[in-house]
Structure formats: C-alpha cells, structure tokens
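Take a look at the structures below.
In the two complexes below, chain A is the common chain; its partner is chain B in one and chain C in the other.
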Partner chain A sequence: MQILRILFLRLLTTLVTLAGVAVIVFFVIRVVPGNPIAMMLPPGATEADVARLSALYGLDKPLPTQFGIWVAGVMQGDFGTSITTRQPVLQLVLSRLPATLELSIMALVMAVILGGIAALVGTRRRGTGTEGAIDIANGMALSVPDFLWGLILILVFGVLVPVFHISGRVTPSLDLPFTTNFYLFESLLRLRFDLWADIVSHMFMPALALAIPLAAIIGQLLKQSLKETMNLDYVTLARTKGYGETRVILREALRNAALPTLTLVGVQFTFLIGGTVIIERLFSYEGLGNMAIDAVINRDLPLIQGIVILFAVIFVAVNMIVDLLYAVLNPRLRHA
Partner chain B sequence: MSYLSIRNLSVRLKGGLPLLRRVSLDVAAGEVRGLVGESGAGKSMIGKAVLGILPPAAEITEGEILLDGADLLRLSPAERRRHIGATCALIPQDPLTALNPSHRIGPQITDRLVDILGWTRADADARARALLAEVQIPEPDRVLRAYPHELSGGMRQRILIASAFAAEPKLIVADEPTTALDVTVQKQILKLIAGMQARHGTALLFVTHDLGVVSKVCQQLSVLYSGMVVEDTPVRDFFATPRHPYSAALLAATPKYTDPSAGLNPVPDAVIEAVRAEVAAFDRRAAHG
Partner chain C sequence: MLDGRSMIRRRAGARLWLSALWLGLLCLAAILAPWIAPKDPLAQDLFLGRLPPFWISGSEPGYFLGTDSLGRDVLSRIIHGARVALLVALVAGTITCVVGATLGLLAGFLRGWVDMVISRFIDIWMAFPPVLFSILLIAVLGPGLISIIIAIVVIDWTRFARVVRAEAMAQGAMDYVASARVAGRGRLGTMVREILPNVLPTIVVLLTLEMGIAVIVEAILSFVNLSISTDDPTWGGMIAEGRTSIHQAWWVLVFPLITLFLTVLSFSQLGEGLKDRFDPVLR
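Let's look at the complex of A and B:
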C-alpha cells in the first residue's frame, strides 16, 4: 500500500512538473520579442504574406487557443512542425537525443571515476600532503565553470598537443553503418573499434569539460563522507579482524559513504545535462543543446517547446533513477 | 604464562595530555580479567591499544604489549594487524553501531575466516551455523541472510559474540558488552559470554563499571583511575579486603545486590583528592625522568 501511495504521489508531482514547464516555456518564448514568420520571409514580403503564413502555423489565433491546440497535439504524441526545417519536432528532437545522452553519460562516468579516485586516495592518505593536494585540485576544478574548462581543454589538447578532435561528433568523411543515432554504443555492438575510437576522440574533450566540476563535487563530498564513516564502530571492528586500511575503506566504508553522495550526484547530473547546451555549441557537437541554440536564434517556437519538454522529461527520469538506486543500495529502504 | 602481558604502557594525546600512565597487567590463558574504573579512566583505551585501534589523536609513548610472546609494538603494521586478527577479537559496547548496515549478517561473522585466515566459504558457513546455535539464535538461514536493522539489539549482540568467537581467538576484549542493552537482556548476554569463555578456554579482558558483574565473571581485577592502575588483585581478595582506598570507596559505592535499598555512597572527596595527588606525584616523577 505504502509503495502504491509513493508511486501515485510521484506520478502526480511528475505530471504537475511537466505541465508547469509546458506552460512557462510556451508563454515565455511568445512574450520575448522576435517573430518567427518575419524571420522566414524574404525582405519585401507584404503584410498579407505574413498573415497567410501565420495562419498556416496557427500563430494568428489567441495565445490560449494556441496553447490548447499544442497541448492537445502533445497528448497524441504530436509536438508540431519545426518552422525552420518543416520537419516534425518529435522526429528532429529524437534524432539528436542519443548524441546528448551519450555525451552526458560519458561525462557522468568520467566524473564518477575521477571524483571517486580523488575521494578514495584522499581518504587513504588523509592528514597528509596528498590529501591537501587533492583538496586544492578539487577547489580549482570547482571554481572554473564547465565552458571555461572546454576552452582550456581546446587550448591544451586541440592546439598545444593536438591529440583529440575539437569539433563535431564523428569525422564526416567516415562511412557510418549505423541504424540508430547511438553512435558510441552501436559502434561497440558492431565491434567497429575504429569508429568507436574516432567517436571517443570527438567526445573526450566536451565530456571532460562537463565532468570536471562534477568530479570535484563528488570528490569533496565522498571524501568527507568516507572520513566520517571511517570513524564508525563497525569500521573499527573490521580493523581488529585484520583488514588493512585500503580494504577497510573499500569493503566497509565506501558503500555506506556513497549513499549521501548519490542523491547530490543526481541533482548535479541534471545541471551537467543543462551544461551540454553551451558545451555542445563550443565543440560543434550535434546534440540537442546545439539544436536548442539554433532553435532560439531562429525563433523556431515549436522546436524550442519540444526540446525544453524533452529536457524536463530527462530531468524527471534522472531523479527517478537516483531514487531507485538509493533504494537498491540501502537495505533499510529495500525492506520498508 | 600470561597470554597477554602489558608492561608500563603509556598513552597520551598527541601534544601531551596523558591517557594511560605506565599501565601493567597480565591476562593468563583462559583467565578473565576485569577492568573497572569511572567513566573516562582509560579502560577502553587499554583494550584499543591491545587491538591496535587507538584513535589517531592518541599515541603510545612507552611500554610493551606482549601478545602470545610477541611485542606488538615492535611488529610492522601489517604483521601486527595479522597477528591481532588471528589471535584476538573484540566484543564491542554498542551492538547497534558495530555491525555494517549494508552487509548481511552471514559475511559479518565469516569475513575474518575467509578473507584473513583463508578458510573456504563452505567451512566458514558451517562454522557460522554452529556459532549461531551456540549463541542460541534460532532460524540460522533467515538470520544469516538478514541485514542488521532487521534484528533486535540483543540479537545483534549475540551475533557480535558469535563473530568474536568465530576464529577461536586466544584473547577477547569485551568493552562493556551489556551497557547498551535492555536490563532484561543484560543478564542473558553476560551468562552467554561467561559460558562461551569457559567452554572455549578464551582469555578475556572484561571492561565494565559494574562490580556485581566482576564478582560473577572475573578472576583477576585491575582498578583504574585516571589512566593509572591503582590496584591489581585476585577478585576474591578484592571483595574481602580492597587494599587501595579508592578501591574500597568504589566497593562501598556499589549497591549490594543482596540489599539494593542500601543506596549509593558516592566516593568521598577525601579519597578522590588522595588518588588525584597520587596521579600528580606520578606525573612529577615522569617529568623528571
């Protein structure tokens, strides 16, 4: 019963969240100046031309009516047609989603690995100069935002020692046998390691730029949490059994210390996904974020709406996954 | 021959404050030594020093801890860990915090056997079942797969006792093992520890502040004040004729379980002053080398 109640409440808050996002994005982008129709037409178009096109895209009706039509369409899976490309919004957005998902997940994995190593080494060497150095590195990583890390990485690995590609998602001249847009994933499945290497080489810098600030947060929080856990009674008891320091950290402390970190990582991961918008632009990476900026520049209202709704859905999904993971890792919740 | 022999052990907080003052005590094989003293006297500190789990803020400044003939303080950290893990065990004070909340009970009993002593998993599991029977826990299958939060405090203390005896240690340090439990459970747990100690012939260093418990379980007794052993005596002699005034006052302060209505007689100020003066004199001698 308890679990049904929780699920129901969860579903309700999700729907309310998405509805709120829909209302806000719909009206805000119509309040800011800039007329999509005027931008589409060549210079010298008459008032009549504008009126005709506006009617075609339903932009002549009062705002509440437009909103009603859009919502009714969304309910049936129809997000409208992109004004600039004249393709269905849903199709456009879904074609770009895999690129952004792969980039975000790659960044998350990098952040967890880098932050995890920093936290574990810092805990193992707590009270020494090594811990101090890790704290300083964490502080530096945190005080520089992701897009500046992007620029720094471009300078270092794109210009000074050019080892990684600085733009795009894959070398354009390559012949791609893929049926999905999950290039990174599909190249692995097809055992095309040549393509995989090319894709990773394109992804490496944008992913790392996104990962560095999150890695610092994970490193700081997990280290703090590990150090507190290391003083608990069950850790001390494990020491008397003959376990060395490293094994005590990994066996006894890590899992319990990771729980409080996990919730925060969930929130921070949604920020990271938000960061893809600028990072994708910086690295000309063909994902959702890059498309979002184009859509805003062109005042492509249906496309903006579609992208924003999709981002909102991703955020909600991330939060759900985090809650689920938390329950899996915490036996106390699993049995409740 | 003593199994554990502590010689002139001094521990202080890094920076100065003495926590243990040239403590000496012996625990013979199979014998139970009680360790009494008011809260903060350093009872737990002695157990921690033996088990190699002193807090990072504390350091040993002099002395020897001979365990099975080997001076722990002369071993390398790795050797010391192994030696302690193979021969000693701890029954902790608070069963609610001494089990890892995210591990099942089974591995928490068998981990030392498998990971440190190289038993096979099957042997270790069989051993865990035998131990659960010995600590009188029914339904071993359910309990071994349970998580700590699913069990009561008394059950968890039984499991910690089982875990302590798992590798047939020669010495167990029990640090106020019943203090955190319900009064109704305390007696059962005490009986369980005493029974298992006798059956297994394990030497026991029993930290407590309850002289009633001492009279039932211990053969030898060390009375501690401010990190200093003020009396080291067979338990029988202690109850008949305590030699140190502080010991006598402690004994007088304990309500007789034959006559609980007799009430408490706090340790008189004069006795406290006298023993404090002793500690101060000790510190002066130590300062002058």
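Let's look at the complex of A and C:
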C-alpha cells in the first residue's frame, strides 16, 4: 500500500511538472518576434493572405483561447500541424524520436561500460599509479562537456585518422528496407550487418561524445562505493574463504556498490538526453534535437511545442523508471 | 594515509595555480586585446584566405596562427573572442549565482510553502532540455550579449538553488542555528548571518563551475549562430566556421577549440581545487 501511495503522489507531481512545462513553453514561444505566417508566404502576399493563413493555424485568436484549443487537442493526441512542413506535429516528432532514443541508449551503454571498467580497474589497483591515472582521466572527462568532446572527436577520428563518419545517421546512397525508424535495432533483427555497421560508424562519435562525461561520473561514484564496500565484513569473509581479489570485487562487492550509482545514473541520463540537442546538430544527425533547432530557427511554433513536451515526458519517464528500479532492487524498500 | 593526503593536496594546489594562471593570462588578453592583437580581428582580405599557421609552408609572416576563409587573423580573433567569453562568464555567472543561491537559501531555510513553490519550479526547470531552452530563449529575446546573459540566468539558477537549498536545510537543523534564534536573532538575520557564511564555500565552488558553463553556453549559441552578431569574433562562431571548413583549414577549428578547452578545464579545475581547500575532511 505504501508503494502505491508513493507512486500515486509521484504521478501527481509529475503531472504538475508537465503542465508547468506546457504553460511555460506555450507562452514563451508566443513572444517570439517574427511572424511565422509571413515567413511561409511568398513575397508579394497580401495582408488578406496573411490573415487567412493565420486563421487556418488559429494564430489570430487571443492567447488563452489558443492555449485552450491546444490543450484540448493534446488530450486527444493532436499536437497541431507543423507550420513549415504542414505535417501533423505528432507524426513528425515520432518519426525522429527513434533516432534520438537509439543515440541516447547507445551513449548510456557506452558510459556504463567505460565507467564500469574505470571503476573496476581503479578498485582492483587501488593505491597504485593506475588508480591515479584513472582519477586524472575521470577529472578531465568530467570537466569538459559533451559539445567539446564532440568537436575533439571530429578532429581526431573524422579528420586526423578518418575512421568514422562525421555527419548524418546513415550513408544516404544506401537502400534501407526498414519499416520502423529504429534503424539500429531493425538492421540487427533483419540480420543486415552491412547496414548495421554503417549505422554504428555514424553513431559512434556522437554517442561517445555524450558518453564521456557520464562515464566519468559513473567511474568516480562506483569506484568510491566499491572501495567503501571492500572494507565491509562480508567482503572480508569472502576473502578469508580464499576467493581472489578480482572475484571478490565482481561477485561480492559490485552488487551492493552499484545501487547508489544507479540513482545518479538516472538523473545524469536525462542530462545526456538533453545534450543530444547540440550533439545531433554538431554531427548533422537527423534526430529530435536537430529538428528542434531547425524549428526554432524557422519559428515553427507548434513543432517547438511538441518537441519540448516530448523531451519533458522522456525526462520525467526516465526519472520514474529509475525510482521504480531502485525500489525493486533495494530489498530494504521492497519489504517496507 | 597522511602521505596520500599531502600528495592530494599538492596536486590540488598545482592544478589550482595552473588554472588561475591560464585564466589570469586570458583576462589580461581580454583587457589588452586592442593593443596586443597583431591584426584587426574584423579585417578581411580574400587574397589571404585560409593561410596556414606559421610552421607550415605557405604561411604569411604576421599571421601567426593562420587565417580563416575570409582572410581574418585567427590569433587576433581568439584574443578578441576572450572578451565576450570572459564577460559572459563573469556577469552571467555572478547574476545566476545571486539569483539561484538566494532562492535556494530561502527555500532551504524558510521551508513551508516557500520551499514548495521554489521546489516545484526547480522540478519544472529540470524537465526542460537546457540547450533547447537556451536556443528558444535567444529566439525570443533576439541575439545579443544581454540576451545570452539573461538566458544563462534563467536556465541555470536551478544549479545553485538545488545545492544551496539542501545545504541550508542541513545547516538549519544544527544546534548553532537554534542557539542563534534563542539568543534573539530574527529569521532573516539568522539566515544571512549564520547560515549564509556556512554555505558560502559551496556557493563559491558552484560559481567557478558556472563560469565555465557560461563560456560553453555562449560558444554553443554562437555555434548555432544565435549569439552576438556573426561578424564579431567569438570562439563559438570561429568553431562553427572551422567545422564547415575542417578538411581545408583545420587550424580555424583547432586553435579556438584548444582555447575553449583550456578555459573550461581551468574554471572547473579551479572549482574542484577550491572544493578540496574548503573540504574539512581533506584539510
């Protein structure tokens, strides 16, 4: 019952948060100077043309009415029509969402692997120069944001040693037999490893740029809690049983040390998703973030709204999933 | 154990001084830009476009780090770009700090409905992708230095508010606060005279980190072409230009990138170094 109550309260505050995001975005972007309708029409269009088109998109009504219409639409899954492409916003946004999700998840996996290795090696060789080197590398990785790592990666692996693609999501000349936009997963399922390799070599650098700062955070925190766990009695017991140090770390300590890291990874994962906006731009990767920047530049109000709301929903969902995972994995909370 | 600690302290000291040295040099360069920059950062000369830096054949004397596609001197543009970067770091960082720390202090110390309202706003803010939010704000406010500063303050106040709120809450539960109240200090007096000095080290560290973030935000906004006017030299603008001509003239990207990298690293190492200094456990 306790868990249900907490869940209900969580849902309630989440709804308040999303409503807040909706209100702020709606009113902020309506202050944007520059009439999107005037930008759509060819030069020489009359005042009447502008008025007619404004009415079509509902931009002639007072702001509160516009907001009411928009909210009523959103409730029915209608996020309006994009002004520049004249397609439904929901359809546009959902077509780009898979690209961003794949990029974020790949970055998360990379961060967990890199950070995990750093933490494990650092713990295994604690007190040596190796640990010092890992600490310094972690500090550097943490100080510099994804945007700069992206640029450095472009220089190193795009120009100096050109091994990866520096722009796009897939080589345009390739024929894609896909039915969904989850290219990475679908190419695997269809066993098209040639396409899969091409997609990965496009995704590798943007994903790595996003992963580096998060990997540093995971590395630091996990190493810290591993070292604390290594001094606990049950770990000493495992050692006296004659298990090797590596086995003690992997089999005994890791499980308990991973829990505090998990909560943090949740929050940091939302930061990573937020970072996709500029990283996608940097690598000309056709995801949500790139679309969002274009939408802002083109003053495409309905599209901006849709994208920001979608990002907010993703952020909130990630946080809730992490909380649930934490409750499931932490036995103390499960039985409370 | 003692040895390890002194080693950590020595290393922390070294990075503190190195960071301060770089930032000091940068400040000097920014202040003295018109006198020390070898060329006019805006002067174009299409005959001198994409000159390589001095050690590569084909370079032109006087153009130390080469030129961009319009023949503008890269070194001079980096030096002048430091002005925008540092101005944004100082002004935006400080205002963000004051706004965020004040709200955090109020929420953490007064609790009750003040805390409820401020925390709800922090939650809402955390649900916005920050880069997208800043681009949106610049679109609303129009490009320009003031817009960038406003955008940074509006977006980043939560960084201070979250941490200071938690710290103020922890401090507020301590005995010395209760004794200050018993001794007759008012609520506001307690907050300013008792809590604030104890939270101040954290605020200073956050401020240093925020300055690095502000430099990056400015660079990102210039990169998407929404910063100050496109002619004025900014590191982000140079990076954006360098990104497009990366195969023909790598130096247009590399030198501003190195400068930006060192600056951001210095701000953050300065913050980390200060954190170690303030941390009573390490001390």
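Operating definition for what follows: the second predicted complex is superposed on the first by the 335 of 336 C-alpha atoms of A that agree within 3 Å, B and C clash if a C-alpha of one lies under 4 Å from a C-alpha of the other, contacts with A are read in each partner's own complex, and residues count from 1 in each chain.
The working rule: a residue touches a chain if its C-beta (ideal position, glycine included) is under 8 Å from a C-beta of that chain, and two chains touch if they have at least 3 such contacts.
What you are looking at is a predicted structure, and each value in this text was computed from that prediction instead of being measured.
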Between chain B and chain C, more extensive residue contact with chain A: C
Touching partner for A:L232 - first (chain B), second (chain C), both, neither: first
Contacts of A:V16 with chain B and chain C, given as first, second, both or neither: second
Touched partner set for A:L148, first chain B, second chain C, both or neither: second
Which of chain B and chain C A:G158 touches, first, second, both or neither: second
First, second, both or neither for A:G244, with chain B first and chain C second: first
Which superposed partner A:L329 touches (first chain B, second chain C, both, neither): first
Common ground on chain A, meaning residues reached by chain C in one complex and by chain B in the other: none
Contact set on chain A toward chain B in their complex: 127, 232-234, 236-244, 247, 251-252, 255-256, 329-332, 335
Chain A contact footprint on chain C (complex, rising order): 120-121, 123-124, 126-133, 135-137, 139-140, 142, 212-213, 216, 219-220, 223-224, 239, 243, 246-247, 250, 253-254, 257, 260-261, 264-265, 268-269, 272
Complex interface listing, chain B residues touching chain A: 51-53, 56, 78, 81-82, 84-86, 88-90, 92, 94, 97-102, 111-112, 115-116, 147, 149-150, 160
Sites on chain A touched by chain C in the complex: 13, 16-18, 20-21, 24-25, 28-29, 31-33, 139-140, 142-145, 147-148, 151-152, 154-155, 158-159, 166, 270, 273-275, 277-278, 281-282, 289, 292-293, 296-297, 299, 304, 307-308, 311-312, 315-316
